Amino acid sequence: MTSPTKAEGPGPSVALDPELAATTEIAVPKKLEGRSPGQLMWQRFKRDRTGMISAGVVIFFFVVSALAPVISKLYGKDPYTLYAQEPEYPFLLDDFAMPSGAFGGVSGDFWFGVQPQLGRDVFTMLLYGIRNSLFMAMVLTLLCVVTGVLIGLVGGYFGGKVDYWLGRVTDFFLSFPNQLFFIAFMPIVTAMFVSPTDETPTYLRVVAIILVMWFLGWMPMARLVRGSVVSLREREFIEAAKVSGASRWRIVRKEILPNVVTPILVQATYTLPSNILTIAFLSFVGVGLVEPTPDWGRMFRIGAEIYEQNPSFLLFSGGALVIFILAFNLLGDSVRDAFDPKTGR
Amino acid sequence: MTTLTKVEDAPNPTGSDAFLSVRDLRVQFSTEDGVVKAVDGLSFDVERGKTLGVVGESGSGKSVTNLTILGLHSPKTTTVEGEIVLDGKELITASEKEMEKLRGNKAAMIFQDPLTALSPYYTVGRQLSEPFMKHTGASKKEAKARAIEMLDKVGIPQPQTRFHDYPHQFSGGMRQRAMIAMALMCDPDLLIADEPTTALDVTVQAQILDLLRDLQQEFGSAIIFITHDLGVISHMADDLLVMYAGRAVERGSTREVLRTPQHPYTWGLLSSMPRLGGDLNEALTPIPGSPPSLLNPPSGCPFHPRCTFTGEVAGNRCADERPSLAEGRAAACHLSGEQKQTIFIDQIQPRLR
Amino acid sequence: MLQFLIRRSISAVAIMFLIAAFTFFLFYAVPQDFAALSCGKNCSPENLAVIRENLGLDKPITTQFWDFMVGIVAGRDFAVGHCSAPCLGVSFKSGDFVWDSLMDRFPLTLSLTIGGLVIFLLFGLGTGMLAAWKRGTVVDKLASGASIVLSSFQIYLLGPIVLGIFVYSTGWMENPKYVPFTDDPSAWFIGLLIPWAVMATIFTAQYTRMSRSTMIEQLQEEHVRTARAKGMSQKYVFFRYAWRGAMIPIVTILGLDLSSLLAGGVVTEFTFDLAGIGRLAVESSLTKDLPLTMGAMLFGAFFILILNILVDIAYAFIDPRVRLS
Amino acid sequence: MKPIRSRSVRAIAAIAVAGSLALTGCSSDSGNESKDRAKTQDDAASQQKPVQYADAAASNGPAAEVAGAKSGGTINVYVQSDLSHMDPGQIYVSDAGQFANLVHRGLTNFQEDKNGNLKVVGDVATDSGQPSDGGKTWTYKLKKGVKDEDGNVITSKDVRHTIERQYSKVIFDGPTYVQTWLSGADYRKDLPDGPYKGKHLPDTVLETPDDETVVFHFNQPRPDLPQALAMAGYAIVPEKQDTKEKYDKAPAALGPYKVSEYKAGKSLKLVKNTQWDAKTDSVRHQYVDGYNFTTTIDQASQTKRLIADQGEAKNAIQWTDAVDTAQIQDVVSNAAVNKRTVKGYQPYVWQMSFNLDKIKDKKIRDAITYAIPAQAMVQADGGRYGGEIAGGLFAPTLPGFDAKYDPYGKLKKPNGDLEKAKELIKEAGVKEGTKLTYAYSNSPRGQAQQVIIKDALAKIGFDVQAKEIDRATFYEQIGKLKNPYDLYMTGWGQDWPSQSTVVTPVYDGTQIADGSPNYSHINDPQVNKLIEEALKLEPAEAAAKWEQAHKRIVEEINPAAPVYYSKTIQLFGSNIGGAKYSVESSYIDINNVFLKQP
């Protein structure tokens, strides 16, 4: 599925693997010719058509959501206005509060149709919904990666008591049934820092969501990093650095970190989409962002409920999700392949 | 590379009482990075009871060649041309079934790193017995007896108990011995040792080498001994094959090659190797430049970009024309015999003393 | 082994205690009146007081927590009767014993899990290994392609669509419903078929991807090459040497998935209107039904911990290098 | 995941015993809808007769047979969450009320004729009750041969027990009319432990001269008593059977069906109660062998299943849930499916309650009232079949309902009158961007309507702070006297078809207290006085006074902007017979249903 070049001829690839040979025997000289692993990876990645395409899709999503305000300005609509209430669109919704236009009211004015009941513009809703989800997911992923890497490094490198206790803490957090945890504590955490009268600002909700998910999100990364650090710790070049009297911190920074970058990156490419799904799941259960903030998850909850009456809604919101996740999975595979081609997925 | 059809120096392919004879072998991988010409027009013979040493930098196609002999390359991405005749049997065209019968039986292989080369999931005993049972149809008991015998032969203490141990319970040296024992289970006629000692410390290395030699005496099997360590080879091999960029650049008896090497690359190898009793203050002289990418090997003589003597050759044949390797004692170089002589005596030898 | 078990179970108990404490006190972190939840149309202060007393909310929080903990080991007495250990208290909402309602829901969750498990293990691993074996062929491309697309789907997207097709529009199948296996095996099977299928589809896809890639990784291991060099057949090498190593990552993921499924496949249960643990848990936490939420939380944690132990044991069986310590 | 509807949300849906209102006739919603809609209200207006108190003759069983009724078979019931209660004393909301119709029996009950006219008849009692002393004293005689599910004969002691246990801590969720009428607002003090410690109410309050007679003594006329006693909340709990808290899980049946299996949050099974004797019951039937409740099916899939009408769904009915708003179109636009619906008004009026302690200026209240786009609010709740724009605060289900009454022109300007609103705001001198805190229940509908309100009020220059409240505790939160919110959407439904059960709890200043439904904290002497007078009168005379109070409240005080009257539309399977809208319960008439092919 990943790269066309790798898929030729039948038969299981037992025994000597060309890529293996290729890298162990070829990559070395190449390095001497002054090509860094990074460049090498880029080389391979460029050649991976699927990878490039999915990268394109992912980037497209990011760009679009980044430019959401601009787009909605050009497009002349926003996700908040109840167009059904506006005099210039008298017959947007029918007596049943469903879009009167065909296929969910898709039209030149409303590219993706209008939302049942409230009559908002689906296109911009989706735009901003994706924007919000992506933003949250990215911050969250960043936090998880940083925390995970820190804890993993410390535990893995210093070992001993530190490692032991960090391990126990990790176990503790891993033992929470996370779905239930999120649902149970999202409202509580939100409630913790809001005034009784004023509306809970959206950013607070976002913070709450990120906090709660962060709380149970960093462990896999920590485990991963710790694992690879422990294996690195015994390697000669670390020993060498030790002997040469480099400070611990320096060793961690200069010797170890660079060597665990690959797994971290790969892991991260898988964490982001799963975070997006979890965030969506929260809105789905009803503890995510609330109206009127546009939200991806809430959109395809509605979509799933009314898809028989109004398939377009699910098609656009759910479809966008599937495409995005798919692209991201493919991208993740390609990135990993590019980093170490011998794991030929 | 199939354009270059001129089979160089193909001497009576049928003839020669060689037990294994490889002719004009070409191995190519298509990788993500393009087509790799791992082995390019290689020919050599090995006779029963003799040891052929193969030396060269990493990436010179030593290992690939030998994996190809046993057909362990992955068929879907590798194209193999030329011929490999083992005991009168053509192997490249042989079916998977036939190859299976042959592997570990007629021809066995000892791998470089015994830690990764032995399965961590099964006892050493089982891993030894398996091939024996398969090839000889022996019963479990017989196989066990045989395995213990072999473990004993390669000098593993209390073989009966060790039989039940897992590789990770063995020391590095013992693992390598186990590997050898495994290779010898069905007394193969051809034994391919791929840098069997590089992973070991010097004393163990010596033991292993002796072991191999003794065993060879006993079974009279032919050995292909791959290494990049000329020191080791001088003890082991009868004949020597120097490989560079997937080609043989020099061939001859070990003595000849080491005493009077004829190829600039060999000179480089020799002078880049420290020797006992050498002057410590004297710096070693490494070969300038780096091995070529096999994705797009240099034109003409693959060594010319790193060769210091291209000036000596009229015109730039080195860059244009690919030097051929004659039968017997020979080197693939455009320098004339005298040139080689003089250069070696005047410039190289001093460095080696 | 035994010692390992003992030590692990002790730490498991400790962790569960911590989780209980954590949950309990975080619920009280924000001032909220649980009595209000069971208070209906005429929610006068008097009535609230009555409810508080009935639920034992008038006692100090620490005492309540202590009672709860004691109840788990020793059992407790409530207005509605004696609740024998392990007593997870009485639901604020329904007034039932939490343990009973959990046990009442568990069979469904278990059925869902097991059914799905069987399907996605069979198909997932099967297809994955087939793809690895036939790597690069059409079969492989199809399998990998389908699996990566399907694994990007979600139950709450796929579920309604499947229902719409097979139940509402065509009427080929009844709505999913749970009939205890002991009552009527065939009805049990028919009733859960759709949820199994939908759930398994997505899991199958994921396991196909995983098993394929791990198999391929394993096939590139040097010791696998050695085995071939010994003259062992491709099949033998594939199923003995490569498969053994591939099991480790698979077992790991399987452990995680199983524990979360047993803690309640929330999405599945809601998509198909089934009353399992997951639904119970979500409803309870949304309605701030503290005892029930605690119960569900501990229940989930229990499975996570147990499966961790089982997975570690599995490792020891698969890989002799692993020692249980 | 679908929203989980908590009982407290449902709690506002009172057991509606509506003034007669024959919507059942006009289930053919084809053709011109608006005309059709108007028609229904005319019917409503034309047919309002006061509830009659029936004599012994009418109270004798058996009940009139339903045409074509067969017996046998089991009806499947789809509900999206558990019944709130099964202990009658705790029952105050419609889902449990429907249940009570099948399982419990009170002293009196409502009898509904095919036109939806209501009579109060004796149920366990021989008649609707004999008033004396100007309505201050009411005497009830018990029928012979009324038994509980274990065959114990019901005596006056059981009736007394039923009333007295409501004083104890066991009961905290049910109606409090009769207790307060007997012993005043803090009635619990008179009998703290209820009857359980052997104490009883003095004979001057509740008297049981012999086993067949119960006498209620009040300190003022209580003309509504027969209707109050018809509430499920006052159904009989036999002394021998009372298990206190446990009773809520396993009540003893007097009615035609009894509980055979109950699994919280999952299922409930009812089977025939063999001890029930048709001859003693003039209302109920025992056609089907039982009812199987599935309490996990949300409205969306209830609707989907019933539309599809496959297999077991053929024998299924909706209980108190309605057709999923998103699918109403599919239902009514498909004649075949539409045949299988019951439609009708719900007894409650959705209103935007103002917190009078915070919004003191009537001009502002009026402005907001004008600004609210009622149409949009209705659409957020299912469009025309979910509700109907409201002109006043009296539901169409109340006697004296006037469809034309529209002081704020909501009917004329369904999307609000922003100009008028803006003027008033100017007059009131409110400056742009004044903060208003709008509390809403955090349910999908709540969220949707919140968006609309924000949008509308922003247009007249308010900075609306929309504050979501956990839907489980919404009414408790806004019920607090000191709640920090300015406005909130509330709905209240009558307990029986008398304005007294609306005006008194919701707009009577004397009732203001924490947790009382007077959410706006209106306390207008004039209104209070009218209420006091009206309560003493027979329903017929009272009507005028109630109307007076209504006008005073809506026009001169405006404590709550009328938004919409809620309506319901329910589906049932194709094998269900005798299904009709019950005016009494305002849902499908559970007393008449049977299976066409058992």
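By written order: A, B, C and D. Residues from 1 in each chain.
We adopt the following convention: a contact is a pair of C-beta atoms (placed from the backbone, for glycine too) under 8 Å apart; a residue touches a chain by one contact, two chains touch by 3 or more.
This one's a predicted model, so the numbers in the text were calculated from it and none came from an experiment.
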**Message:** With contacts counted as defined, which of the two, A-C or B-C, has more C-beta pairs across the interface?
**Reply:** A-C
**Message:** Let me spell it out: compute each chain's centre from its C-alpha atoms, then which one is farthest from chain D's centre?
**Reply:** B
**Item:** Whole-Å gap separating chain A and chain C, where each centre is the average of the chain's CA atoms
**Value:** 23
**Request:** Return the distance between the CA-based centres of chain B and chain D, expressed in whole Å.
**Result:** 93
**Prompt:** In angstrom, rounded to a whole number, how far apart do the mean CA points of chain B and chain C lie?
**Reply:** 55
**Item:** Centre-of-Cα separation between chain D and chain A, whole angstrom
**Value:** 48
**Message:** Residues touching two or more other chains, restricted to chain A: which are they?
**Reply:** 6, 8-10, 13-17, 284-286, 301, 305, 308
**Request:** Going through chain D residue by residue, note those that touch at least 2 other chains and give them in order.
**Result:** 1-2, 4, 304, 470
**Asked** Using the touch rule from the top of the page, what residues of chain B touch 2 or more other chains?
**Response** 72, 76
**Request:** Provide the residue numbers of chain C that touch chain D in the complex, in ascending order.
**Result:** 32-33, 36-48, 50-51, 53-54, 79-81, 91, 93-96, 101, 104-105, 156, 163, 167-169, 171, 174-175, 177, 266-267, 270, 273-275, 279-280, 282-283, 286-288
**Message:** Help me check something: in the complex, which residues belonging to chain B touch chain C?
**Reply:** 70, 72, 76, 96, 100-105, 108-109, 111, 113, 116-122, 127, 130-131, 134-135, 166, 168, 182
**Residue numbers on chain D that touch chain C, as the complex places them** = 1-2, 4, 6-8, 11-12, 14, 81-82, 84, 92-93, 169, 172-173, 175-176, 186, 188, 244-246, 248-249, 263-267, 294-298, 301, 304-305, 307-308, 310-313, 470, 472-473, 475-477, 479, 513-517
**Asked** Which positions of chain C touch chain A when the two form their complex?
**Response** 11, 15-16, 18-19, 23, 26-27, 29-30, 32, 132-137, 140-141, 144-145, 148-149, 151-154, 156-157, 159-161, 164, 168, 209, 212-213, 216-217, 219-220, 224-225, 228-229, 234, 237-238, 242, 259-260, 263-264, 266-267, 278, 281-282, 285-286, 293, 296-297, 299-301, 304-305, 308
**Request:** Would you mind writing out the residues of chain D in touch with chain A in their complex?
**Result:** 1-4, 33, 300, 304, 324-330, 373, 376, 379-380, 382-385, 415, 435, 437, 442, 444, 447-448, 450-452, 454-456, 464-468, 470, 484-485
